[in-house]
Every structure is written in C-alpha cells, then in structure tokens.
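My questions will all concern the structure given below.
When the chains are written out, they are named A, B and C in that same order, and each has its own residue count from 1.
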C-alpha cells in the first residue's frame, strides 16, 4: 500500500533535501568525519534497519545450507516416508495446488462481487459503514480463529469432513478481507469520467461495470488475488485446526479427499527430532519460498504492465 | 445489445436484471458481516456450553491450566501469561528496531534508498510463520543456549525474538507513515530555532507522531498475540504462570493447535476448552484492534498527542 | 459475459460435483488413528503396503489412544492404534454405536524413562522415586532433583510426558502412580512423542517417558534411565528396556503390549482385509526395525486366526491397562480364547 510521496522538491536525491530542508552538508557544526551524536544516531538507525534484513538473509542462508542438497527431483515427486532420505513432498504440493485453485474459485467471485458492490453500488450510510468496519476488523482476526470457525461450520455443521473443500472454504474466508480491499483499490483506479461517459451513452450501471470498469481493473484485481494466494499458501494454523492430516501418502483426487499441504508437511518434519527430517524441512522451506517468489514476481510484473497500460 | 423489442420492454428488463445483480453483489458484501457473525456465534455458543460446566471463578481465578488431567484446573491465566510473555519479548525486540528503522527511512534516507529498503523490510512480513518457527527452533534457540544459562530447548525467549522480527515491518511501516505525516513546517521551525536533526527528531517529530507510532505498536502486539506457528513450534507445550523466558510455556494459540492435532470429537469438555480459549483470544485482539483504530483515527484527524 | 460469471458458474459446478464423489472416497481409504506409540509401526506398515499395492490409500493420524478410540467408536476410523487395552467406557461407546471390534496385540513396548545426555548425576531411578515424582500431590511441590533423591543436585527438574489422551499416559500412571489417569499436571504434555524427544534433547534438567521406539530413533540425543522395581525376584537391580529384558518380563512394571483394534464391519472391505494381512505378516520385521519388541511368531499366527474367525472382544475384559502382563501370559490367554 503506497502512500503519497512528499511533493515539494522534484528529483533531488540528497538526504533531507526531499523535504525542502537544508542538505546535510549545511548542518551546523559538522566536520566531515567526526562522530557527532547526530552521526552516531543516524548510524544506529541505519543499523536498526539493516539488522532484520541481515537476519532474513541468515534465515534464507540457514534454509539453503540445510536443504539445498536435498532438493532433488526425487524429493519433489516422492511420498512421505519414515525414512527421511526417501521422504518427499508430492502429496503436499498437490494438496497445496488443489487448495489454492479451490480457494481462488471461492474467494474471487465473492471478493470481487463485494468490492464491486461497495465501490459502484453502495450509498454512504449505516449499512455500508457497518460492512466496511467489519471488513477491516476481520483483517485483524488471528488466522487460527478462522480455523475454529471452519471446524465448527464447515467440518462439523455442514458435514464436509476434513476435506479439501472445508480447507478451501476456510482459507477463502480468511482471504476475503484482503481480496476485497485490493479489488476496491483496483476499481478505484478507473476514473469516474469513464463511467460517466458510459452512462452518457445510455448504458446502465451493470453494463458499465461488466464491459468497461471490470476489464479495465481486472489486472489490478488479479494482482491482488495472486498476492493473497501467495499469503494463503503459507497459512498453517487454520488448516491444522480443521484437521489437515500430517500423514497423507497420496495425492488428493476429489473435493472430499483428506489432504495435506506444504506448510503442514514442513511443520510435521520440524516436529520430528531426527536430523534427517530437519533437512527435509529446510528443503520444503526452500520450495515454499520459491513458490512465493514466483507468485510475487508474477503479481509485480502484472502490476507494472497494468501501470504502463494506464499511463 | 440492440433488440427489436419496443423501448419500454427493454428498459423494464434491464431494471429487473439490474436489481438482481445489485442484490447478488450485496449478498457478497454482506458475507463479510456474516463471517464476523459466524466467528462470534461459534465462539459464543461453545463458550456458553463451557461455562455451564466450569465456573467463572475457576476460569478467571486460577493460574493453573490442566483441563484434561484428572485434577482439572481451568485457570486461563496460565495461557494468557504465556501469550503475554512471548508478545512482550516480541514487542521489546520490534519496537526499538522498528521505530529507529522508521526514523531512518523517513528522515535520513534518500528516495532511491527508501525505494529499495522499504519493500525489503516488508518482505519480512510476508514470510510464512512456519518458516520463522523453524528458524527459532533450529537456529535462534541453540544460539541463545550458548549465551543464556539454563535455557531450555522450548522457551519463550527464542520464539519471542523471532516473533519480533516478524512484526517489525508492521511497526516500521506504520511508524514511518506517522513520522512522514508530521508537517515539514514543524521541522523547519525547529531548525530555525537552531536545533540539529537529532534534537528535532527527539523533541518535535517523535512526540508529534506519537499517536501513529502508538497505533502501530498496538497492531504489532495484536499480531503477536494472534501468532500461532512460531510459538507452537518453539515455545513449548507446558501451560504455566511464569515470567521466566527460559522455560517451556504455552500460549493460547499453541493450546488450540495442540488440541486440534488430536481432532477432538464435538460435545466434550475438551472440545469446548478450544472455544473458551479462542473466545479469550478474540476478545484480546478485538480490544487491541479497536484501540489502534481509535489512535489512527486521531492521527488521520490531524490531532497531535 | 466474461470472466466473473464464468468463475461463479465454475464455483457452483465444483460445489455441486462435491456431493457426488463422497461415497467412493470413504470406501477405498483405510483409516487409522490413535496412539502415537503405535504410530511408527502403523506408519511403516502403511508406507510399505502402499508401495506394494499402488492405488491403495492408507491414512494414519495421531490423536492419542483415547482420541483414537473416540473416533473408532463413532465409526470414523477402521483401525484404532492403542498403547493400552480398551477401557470399559470405550467398550460401552462401541456397543452403543453398534461397533464390534477385534483386538490384536502387535508388539511389546518397554516404556522408557529418558533424560538428557548432559545429565551426569542420574544413573538409575526406582519405581518409588518415579511415583513420588509423578503423583498428583507432586504438583507444585516436587520441583527439584534433590527432592526426588537426596544426593541429586539441587536443580529444577523439567518434566515431559505423554498427553492425557495417550495410552502411554494411562499405562504409566497405572503402573507408577497406581491409579490410571492420575498424575500431576504441571509438565509438558503432548500426544506427539516427537515433541517430548525434542524437549528432553534440548533441556539439561529434563526427565520424561515415552515408547521405546522413540528412544531407538534418537539414541544420540537422549539418555536412557534404567528402572529398578526393587523386586529382586524379578530381575535384580535397575534394568533398561531392551529385547532381552522385555521378552523375559524382567523390565517391570513398564513392559506392556500395544495393540490395534479393528472394526469388524470394515473387514468386509477387501482393502482393509489386505492391509491387516500385510500388517501381521510383516510385523516381525517392521516392529523390530521401528524399535519395539516383536511378539513370538506364534502370536501373529494366532492373531491372524482371530481376524479370519472374526473373534471380537478384548483379552483383557475391556478393563483398560493391566500392569505386569508378560508375553507368555498373553500368548496363553490367546491360546485359551481359541477354544
């Protein structure tokens, strides 16, 4: 979510100058090279910024060191096993893939629909305000509570059992606030004048949306959805709560199939004390990170193309 | 689109379909309300059932949580304490680092540097928490064991620090927005009075941005309280009322995971404890979210301190 | 009418199609759940069975013996893994739901007491000391090693043990405390023994208990603590659980049989029948590989006979854990049941 940049000075790159403030060289009493409290503070701030980035690199390095060697074609196509060297993530990958497809199928129409309603149809008033407050509240609810909702509602009440469908429905609910917010932003990028032009030509609201607004904002909506899926693929807690199994040695083949997912398989391997399983966990982590990287790159690429098209 | 139907028929058809479509879309939007209602309903229903068997005094007046053992104790404070301890450590890690990082990004960094570093920090927020849990168990805890005497394999310290890294982008990003929102006129005034950048930051910028920073911290706390995987993997499964970060504890979220792994059948007391704890978690996060909302509202309205 | 509508239609169709496949799904998967102690055996069996019979599906959960029985009694699983015999309340639940079960002992476990390798002071422990450590009164009071035995150091003791849904827990409390399900509550409890292994391996002052297989898998990270039952007639001095001491019944009171319970109705399905046959045929090798003590070959033949003849009911009268049952006693009981 970007915020508007400071607009006063154009193009300058000097620290501080972007605010129309004196450049650092004019700071009173600063000899280049002496460690004034000012410089020390700036260094500390920079350190504070770099430290977590450094830790991120260490984390990735740890995963690489542990799991790189394990990343073979065999690993990607094998089933879990009690022997760490033979274990693989095929059912987990398949489970995650099916889960993502199903979740998208559920979340996109509902999320886009809600966003269209809020942006195009809703009039400012109690109901609209209430819905908006709800959406922003839901974004702050811990994901495990969605899992409890899914357990009671989808697994028990609607009798879906510990199936792909229950998992996808739970994740769809979890993603809904994010999909709605992103879709709304995408819809907002369509200028009002375009809509008015359509009305002037005699189209009604739905026709305008269907034929003009939606196609124009579709890349933006798609970008948002891909980013949401990138987040969903790493979600573990709600899936554990609805009962995604940890020992599943087959690829799910129907909506009612028990399933496992990539983060759950990683969790299972982390829980096992043998070193070999921790190696597998590291390899699984690398796969997960790679998938997320792909998702995020596609989304960013889409966004860039979208912006270029608008410009 | 053009038909050979007379005009008024065409218009009536469109009016009807327009309303149907609007209705369907409204339904989609209302689903969000339904979700909130669903969560509250589900939690409440089972919690009510829970309190039929367990008294309020047992729940709120005890510090031992052993609901499944022969000698049943239902003191929620054991779990709340675990959550509190890990969250406190997380905030203690993320707050100074986050605010300092925000200051750098806002006050010192040039546009180009900010364009690179800010998204880099936000990557931290996107890493799946199960990966952070792995990191905490496999790297951070052994590292800390070399430094901290008596650190158990499962402990609040390692998990807390890693959680801090996870929430740091939230605090940094929102604090940066708050600091950025401080009008330049205030800064210029301070400079005109002869203050250096450090003094300006300390005495003018930070106090002004206080509400915004406060809001970001509260959101960070809310995130830490609701965090599940890092603590489930690295903090332990022993509910106990302690402020010692070196021993295994259990958080509210980790308890829910522990019981869910066993997939308890509905209708048992064990099943209901899941929801009683979930309700407690919900209440806490709602209070925190509302508080941060209020603070951010004040920031948006331009109020200072 | 573009993508939005197509998405909606697709979603609707998917949801519809959902209804149809449900029946086939339940029918072909063999579902196991229950004890974490028995899990390594069942997991090995499931893996080898699926390798030998591609297309067959077996899933194994670890809800704990108690949790597994609850699902078994509700008809949700075909086979329940159990590290103790079935309890009266569980027998009742099965009867209520019309579930008939066939009980099969599949291995012997020497329940192990473990400490961290860096623990230099403890070389063995007596049953009496274990009782003092784990009984309900110990909660909050016995918190240091020196309180268990005077010449042990004055350091905090951190306890790790099976969770309350675990048969291991039931058996341990029965054998050590004297009453099933009765113990202190302030320890790290988990139905997943791997959590306990990790906990003890990372904590110098730890002590815990779980099935022998988990020690065998992690010998380099754990230290076994021999147990002395102070009964010289049955094996003198402290003894560690291993093939010899469990087979001849001297590792007491922590030697116990572990079981699988089969839903008689599920046996009508060919995949379940095939899986059980595979289980019993491969038990001698896989049980040993996993780290438990296999029963004599005769026992497995008798077990297969029970399956073939569909003999239901428990050898233990449905009374739950019984301490001190030796392998040969078990076999004799089985033998007598045949007639």
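Following the convention adopted for this analysis, a residue touches a chain if its C-beta (ideal position, glycine included) is under 8 Å from a C-beta of that chain, and two chains touch if they have at least 3 such contacts.
What you see is a predicted model; the values in this text were computed from it and never measured.
K.L.:
As a test of whether you follow the contact definition, which chain pair has the most C-beta contact pairs?
P.N.:
Among the chain pairs, A-B has the highest number of C-beta contacts.
K.L.:
Based on the averaged CA atom positions, which chain is farthest from chain B?
P.N.:
Ranked by distance of C-alpha centres from chain B, the top chain is C.
K.L.:
Can you check how far apart chain A and chain B are, centre to centre, with Cα atoms defining each centre and the answer in Å?
P.N.:
Their C-alpha centroids are separated by 16 Å.
K.L.:
Rounded to a whole Å, what is the gap between the Cα centroids of chain B and chain C?
P.N.:
Here chain B and chain C have centroids separated by 38 Å.
K.L.:
With centres defined as the mean C-alpha position, give me the chain A-chain C separation in Å.
P.N.:
About 40 Å, centre to centre.
K.L.:
Residues of chain A touching 2+ other chains?
P.N.:
Answer for chain A, listing residues that touch two or more other chains: 109, 112-113, 246, 271.
K.L.:
Using the touch definition from the top, which residues of chain B touch two or more other chains?
P.N.:
Correct list: 137, 261, 263.
K.L.:
Give the residues of chain C touching no fewer than two other chains, as numbers and ranges.
P.N.:
In chain C, residues 61-62, 192, 195, 198, 201 touch at least two other chains, as defined above.
K.L.:
Help me check something: in the complex, which residues belonging to chain C touch chain A?
P.N.:
The contact residues of chain C facing chain A are 1-4, 7-8, 10-11, 14-15, 17-18, 21-22, 24-25, 29, 40, 43-44, 46-47, 50, 57-62, 192, 194-195, 197-198, 201, 217-218, 221, 290.
K.L.:
Which residues of chain C touch chain B in the complex?
P.N.:
Residues of chain C touching chain B: 33, 61-64, 67, 70-71, 74, 136, 139, 158, 163-165, 181-192, 195, 198-206.
K.L.:
Which stretch or stretches of chain A touch chain C in the complex?
P.N.:
So the residues of chain A touching chain C come out as 79-82, 102, 105-106, 108-109, 112-113, 165, 210, 214-215, 218, 245-250, 254-258, 271-274.
K.L.:
If you look only at chain B, which of its residues touch chain C in the complex?
P.N.:
64, 66, 68-71, 73, 137, 141, 145, 150, 152-154, 236-238, 240, 247-248, 258, 261-265, 268
K.L.:
For the complex, give me every residue of chain A touching chain B.
P.N.:
Per the touch definition, chain A meets chain B at residues 3, 5-6, 8, 13-16, 18-22, 27-28, 37-38, 41-42, 44-49, 51-53, 55-56, 58-59, 62-63, 66, 109-114, 116-118, 121-122, 130-131, 134-138, 140-149, 151-153, 156, 162, 173, 176-177, 180, 204-207, 230-231, 233-237, 240-241, 243, 246, 263, 266-267, 270-271, 278, 281-282, 285, 288-289, 292, 296.
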